[in-house]
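Each in structure tokens, the structures are laid out below.
Okay, so chain A shows up in both of these, paired with chain B first and chain C after.
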Partner chain A sequence: MGISHTLSRILSGLFQKKTARIGIYGPPNAGKTTLANRIADDWSGTVAGNTSEVPHETRRAVRTGNITISGSNGKSITIDIVDTPGVTTRVDYKEFLEYGIEREDAITRAREATEGVAEAMHWLREDIDGVIYMIDATLDPFAQVNIMMIGIIESRKLPVIIAANKIDLPDASPQRIRTAFPQHPVVPVSCLEGTQIESLYEEMVKKFR
Partner chain B sequence: MPHRCAGCNTLFPDARYLKDGCPVCGSGKFIYEKGTDRKETRSQKVPEKPLITAEKQKEKEIPDGQQESVHKEGDPDSIESIHILEPGRYDLNLSRLIESDDLVVKMGQDDNYRLDLHSMIRQKRKK
Partner chain C sequence: MQGVRIDLISEERLAQMPSMEKIRLILDNVREGTIVILESGLSPDEQSTLVEMTMQEILPDGFSGIEIESYPSKQRSSSVFSRLLKGDETRRLTVIGPANQLKMIRKDRGLISAWISGR
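This part shows the complex of A and B:
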């Protein structure tokens, strides 16, 4: 065993890639935590976080580690899933009042949501190796936040899969999302019902290897 | 070239205060105002020293709701990563948040930012 071989082993050990961290990003109420929970449940039997119809239910990034996902081709990936707070360009406590939350609690929730967005953006900058970007397929995909976030993800050269969620709803149109972002793979899913979730796993194994 | 002070929102007709800071509130951050009519800019003589605090100046000069017209939602030209419209209402500049070395760790009760200075120093050293 020569010196060059030993050196090569040391160097490869030093620069060995850590488990890839895949961030689930998207606007509030797109279904990010529902997807994180489904992935965690399907592949590790755990739960990642609570879900709610009130926007900004997830206000801190939640990491679920060492999840191994296998594809039909026999290949697999081991990843950490990071469920992030909903990203938005404006947080307004008045939005929470409509859900019966008291004013003071709504203001506190808005502060925490703002911290959450800052934290999500910091994760994207420092710790994320790939992104699943969730879009509610019943809404207009050309929303400012989607355009900005996809642009930011592209500028950081991160691999991205767009999940067109909520296809179980009658107004859902994954095709609108494909038209909006033709440069990225778009996988129609219903994270709540599990519809076509296998297609998303296949794409993840392909994209995040 | 008209510039608006990011601290107290005062509009100046030219760039004469960019170097020394705003004569009203002392802030060193200015926003270049594209296409602003020079007639709209501050015409009266600027006092040598700040006479009132930036917060009081803001309350005095900017009625409710007018701030939002200056800081448009998601404005990529804004120099602030988080703009506080009022307690519980915030405009977030996503591009600025990801570019900036600032890591916001807490929004205070009085709606001040709290930044993780250690992480900012560590990032500088890494580079």
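This part shows the complex of A and C:
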């Protein structure tokens, strides 16, 4: 058993395809963790992280491994989903005070948020094979963070799907996002309600294979 | 005289600077309350590093980060030849300032309208 087992491990290590890491990126409160939870729940029966209306609830990248997603064409992908902290260029602890958080806790949250953003940028440079970029479809898609992040993702030649989230809200306009980023597939979804989530899974199977 | 200092840095000067020197110059100036306008902007990798370094310098009741504005990248031409002729289309005029002093009012493909306040 010893030699054959070792040989088998070496061979499987040599020929096993690395599981692609798909990062969920976007500004704070775009719905990244809601999507990560939905994917994890739909395809592996687990939960990826907590959600909150307070920005920067996710302050560490959270990886959920070995999720197999099947498309209607019978093809499937096995991926790791990496839920990342919301990317921003500014963090002020005073913003958290407005949500009733105590000053000391707000300062700690702000410090963790800054570390989380730096970590998210690092993951993008080193450890991500594809990106689902989340945009709140009720907001202006020309926000600098979107322009900057899409530029960074393009420069790294990573496959990207833009999820136009929150289409359950009356002000949502996925068309504005399509106009802003016509070079990428835009999938309108409501991660909270699951609306059109199947379309996103289909696009993922197509894009990340 | 009271007011806001604005530094406009030319494409030629930026081209002579290594990435880290550029980022250090931006952060040092912005932390002092200066608005920095880059004629040719930053590369995506430089932007990524700028965000990372900005996060490392944020302090409670001190520096709270940057506001950065640039135009969206131009639509890419499918022709390799025309891309070579046009050069790097990702670097576009960029305005960077302290988060608590520079506020974007409106932006689209060809217009950046921002409000600058004193310290």
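Just so it is clear, the second predicted complex is superposed on the first by the 192 of 209 C-alpha atoms of A that agree within 3 Å, B and C clash if a C-alpha of one lies under 4 Å from a C-alpha of the other, contacts with A are read in each partner's own complex, and residues count from 1 in each chain.
The working rule: a residue touches a chain if its C-beta (ideal position, glycine included) is under 8 Å from a C-beta of that chain, and two chains touch if they have at least 3 such contacts.
What you see is a predicted model; the values in this text were computed from it and never measured.
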item: Combined model on chain A where chain B meets chain C, clash or fit; value: clash
item: Touching partner for A:A118 - first (chain B), second (chain C), both, neither; value: both
item: Which superposed partner A:T88 touches (first chain B, second chain C, both, neither); value: both
item: Partner chain in contact with A:Q183 - chain B first, chain C second, else both or neither; value: second
item: Partner chain in contact with A:N73 - chain B first, chain C second, else both or neither; value: neither
item: Touching both chain B and chain C, residues of chain A; value: 87-93, 107, 110-111, 114-115, 117-118, 121-122, 124-125, 144, 148, 152, 156
item: Chain A to chain C touching residues, read off their complex; value: 87-93, 107, 110-111, 114-115, 117-118, 121-122, 124-125, 140, 142, 144, 147-148, 151-152, 154-156, 180, 182-183
item: List of chain A residues in touch with chain B within their complex; value: 87-94, 106-107, 110-112, 114-115, 117-119, 121-122, 124-125, 144-145, 148-149, 152, 156
item: Residues of chain B defined as touching chain A within the complex; value: 73-74, 76, 81-82, 87-95, 97-98, 103-107, 111
item: Residue ranges of chain C in contact with chain A within the complex; value: 43-45, 47-49, 51-52, 54-56, 58, 60, 64-73, 75-76, 90, 99-100, 104, 107-109
